[in-house]
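Dropping a structure here in structure tokens format, bear with me for questions.
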Amino acid sequence: MTDALLEAVSGPLTVFDLARQLRVGMPQSHNHPQFWHTLPRRHGDMVRPDGGSAANDMITMGTHVGTHIDALAHVSQDGVLHGGADAGDSCLGGKYVEHGVHTIEPMIRRGILLDIPAFLGEDDLPGGFEITPDHLAQCAEKQGTPVRENDVVLVRSGWGKKFAEGAAYMGHSTGVPGVGEAGAQWLASHNIHATGADTIAYEVQHPGAPHATLPAHRVLLVESGVYIIEAMDLEEIAAAGVHEFTLMLVPLNIYGATGSPVRPLAVVSA
Amino acid sequence: MTDALLEAVSGPLTVFDLARQLRVGMPQSHNHPQFWHTLPRRHGDMVRPDGGSAANDMITMGTHVGTHIDALAHVSQDGVLHGGADAGDSCLGGKYVEHGVHTIEPMIRRGILLDIPAFLGEDDLPGGFEITPDHLAQCAEKQGTPVRENDVVLVRSGWGKKFAEGAAYMGHSTGVPGVGEAGAQWLASHNIHATGADTIAYEVQHPGAPHATLPAHRVLLVESGVYIIEAMDLEEIAAAGVHEFTLMLVPLNIYGATGSPVRPLAVVSA
Amino acid sequence: MTDALLEAVSGPLTVFDLARQLRVGMPQSHNHPQFWHTLPRRHGDMVRPDGGSAANDMITMGTHVGTHIDALAHVSQDGVLHGGADAGDSCLGGKYVEHGVHTIEPMIRRGILLDIPAFLGEDDLPGGFEITPDHLAQCAEKQGTPVRENDVVLVRSGWGKKFAEGAAYMGHSTGVPGVGEAGAQWLASHNIHATGADTIAYEVQHPGAPHATLPAHRVLLVESGVYIIEAMDLEEIAAAGVHEFTLMLVPLNIYGATGSPVRPLAVVSA
Amino acid sequence: MTDALLEAVSGPLTVFDLARQLRVGMPQSHNHPQFWHTLPRRHGDMVRPDGGSAANDMITMGTHVGTHIDALAHVSQDGVLHGGADAGDSCLGGKYVEHGVHTIEPMIRRGILLDIPAFLGEDDLPGGFEITPDHLAQCAEKQGTPVRENDVVLVRSGWGKKFAEGAAYMGHSTGVPGVGEAGAQWLASHNIHATGADTIAYEVQHPGAPHATLPAHRVLLVESGVYIIEAMDLEEIAAAGVHEFTLMLVPLNIYGATGSPVRPLAVVSA
């Protein structure tokens, strides 16, 4: 065995699963088709002469529900996608041929976790709290995990603890903490590859005005070509104090879609 | 940087994408809900006051369409799942709590490709051709890639070239090449973790009798607890002559489902 | 023209549409898959050489959303459906062969509206208000519309005004007015064919305990074989003071389903 | 009882169900999302403390599958809908606000069946057979059922007998009989309200060139504002020799959709 990667994975690994389980009824944005799973066929519905039986599933969902990645085709500004493509023309026959999720390469690269509440000495950030460039820079420095080009930068707000509570996680009345426009510009200026968070819409949401505008989406997806990963589960990895890791993320290769459910992993040699 | 894995992935990698692109109209079994993707909202449908606009998707599909993994809950024999659980009782509230796809751990482990047509000096295997234990053992030996415990073993038939042809790939009239009952037993006897193929149902299908019985599924899923990966794209990796690699496969964490679409990768240090 | 029915419909008719419009985001029970409508293909996506273009749709939904009818297979009591069929055995291959919605004959028959708030001299009934046999009997008498065998009896609570408000219509915290167990027994004792209401679950719901038990469903569907129609729009017909009419209701003929969206009409010779 | 309609329906009626049963696997166009029905919850999955249990459904489908009606928004010609509306602008936020299926009023009106094979003394019409104005006019005359303004005119080809055969019904290789461009113009010239047939696409399809162009759709939907009903079951009513009746057809009120599944009835006073 001479392959360096295979040698590395043959040793003990610690794998942090950064995705939420897909369950009917989990919190998600009302803008997107609800996740649903059902069994068209259960064991016993149709049994083969030899006693074998197969059960199967049907799922229906938006691609921006559960833990997911936004393709660059997800957001346009003034009718234009990242790189200047016309947002209308980029949709051919009902598929975003340009910048669709099928154009995102699988990610196997350095990831870092910026644990903002830990940096601030808080349990959690309150609804509406904006994570600034100073927060990001100082957290990275304190952790000893500098942001490097092509990294995947995960920003923890602690809001993910509310996922099990449903509506509270959406934060329509309370707002949701997150990176704001300035923070997004700071991240983009480091030429990162992707960034993620433990909230439904990545960026700070102000109380009572969810999704009114999404400036961080504009900065990241349209102006900078940086992918966004949302609704991540960052609690376990934060509790373990792991801030640097190999990030593995493989979107479904859905032709022409604007996003995909994903199950990102953070992996370290144990 | 002292993490061995992170060091390995920081060097040059060659990534083989082993999944088919999910496209409306691609070949799939009629037993499973058809893959469909549509855009409820396109750019311009709703524009925010600041000129921003978001497009989004709806997908609906079975979990055994496109490249996918079978959970152990997928198949029962005589009313019993792997390990003896009652197939009826294992379904609680419409979810396969036991052996559902949510119980499959993400895979980052040694994978090997047994390229049977190359071993036989053929371009392809014909419909209905059964891959035997001798084929598997001799191919592994000739390739210098012994089957080891906990491996993921991918068996190429070459049939995957027909994927773009649609109905021909399903092979209802021609049959489909693949591992038979004996081959499945040989693989299971090596205590492998999972096995995959480039056909829709993994195992050999005889002409005119598709899915009549599925003995390899019984041996692997029910008797041995070995996961099955279907409808893989093994053409590119075979053309590159890569027979040993790190296999990365992360199923969606769908609570209680019998399978999941996946996008497995074979990765080598380039 | 000698057909009596054709002669009748050839004269002026007044048609009351008793169904809610199916719109994404309308209020519905979280127990049922959400209604969603999207356009896979819009005009211009694919234009034929002669300049023609077709747009089309995808819908996904539960069958108990929007205005809908409950088939007898919808509810069981102690494992038994109406008439004594075993609820488990009645499901063959994932279809309710017995008492599925495909067994409901199209309805073209006498319908009456019991307008309870009008009878009580109220604008509306409050959440949790139970409509009793006395209410039903006295309202029918006051209106001059006796309940007859094989009728479809629509019971208006006025709660339907809240449909546009969303969550308020569901009434989880407030309760919802409606017929209770005794009222259902009174209706069933008149051997009616079906009964409907302007609320999401037909029967009275107590504040804070929605769907805890559904005794009127048991009495009507299981014990009496009386179909239930839910989420009707009874406002326009009530405002017009029409209490007796020809009720036309045609469920979709979905093999083995427990319900169907419907668009019932109340028609009178104008 | 003084209402003429109620009096008419209180006498004996004969009801012909003109719709196909919605079943998983039934023949339908590949251009439209497949009909699927599944049970998320079966009896026993969740039992209330009092022994009650409810089963429910999920359906997913295109609106142009099974027996269905085409709204005027379904087809455009040179970018224009019926009446001159711009086909692009008519779609607001992903809904065909103009000419969507929600704009079709429920139909309770005179219907006639033009039984072309019976008129020609044939059992069936062959694939690709075009029904001409002469066929329509002479059949109506022979039957004694003149085409009148505002009628719903059903044109039987006999092809519906193949519905149970699946692919044969689609007729990709054989063609399908039906009204051609001239026949559509003849029907439109009589200012009818709607027209239907027992085939998947209403109009004649030539062997090997299904859906290449759809001139009758253009004439009816775009130029004339005449609704089209497809995939009807006209066998039973034809066998009964009933050629004039009250046609009842109530589309689902789906906001902004281009069509709806329907279950049309032909009713006569028995």
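By written order: A, B, C and D. Residues from 1 in each chain.
Simple rule for what comes next: contacts are C-beta pairs under 8 Å (C-beta built on N, C-alpha and C of every residue); 3 or more make two chains touch, one makes a residue touch a chain.
Values in this document were obtained by computation on a predicted structure and should not be read as measured data.
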Chain at maximum distance from chain D, centres defined as averaged CA atoms: A
Result of counting contacting C-beta pairs for A-D and A-B, higher pair: A-B
Chain A and chain C, separation of their C-alpha mean positions in angstrom: 41
Inter-chain centre distance, chain A versus chain D - centres from mean C-alpha coordinates, in Å: 45
Centre-of-Cα separation between chain B and chain A, whole angstrom: 25
Of all residues in chain B, the ones touching two or more other chains: 33, 36-42, 58, 60, 94
Chain C residues touching chain D - in the complex, by the definition given at the top: 3-11, 13, 15, 17, 19-23, 31-33, 37-44, 48-64, 73-79, 81, 87-88, 90-91, 94-96, 102, 105-106, 108-110, 212-215, 217-218, 244-246, 248, 250-259, 261, 263, 265, 267-269
List of chain B residues in touch with chain D within their complex: 25, 30, 33-34, 36, 38-42, 45-46, 60, 92-94
Partner chain C, residues of chain B touching it in the complex: 24, 36-40, 42, 58, 60
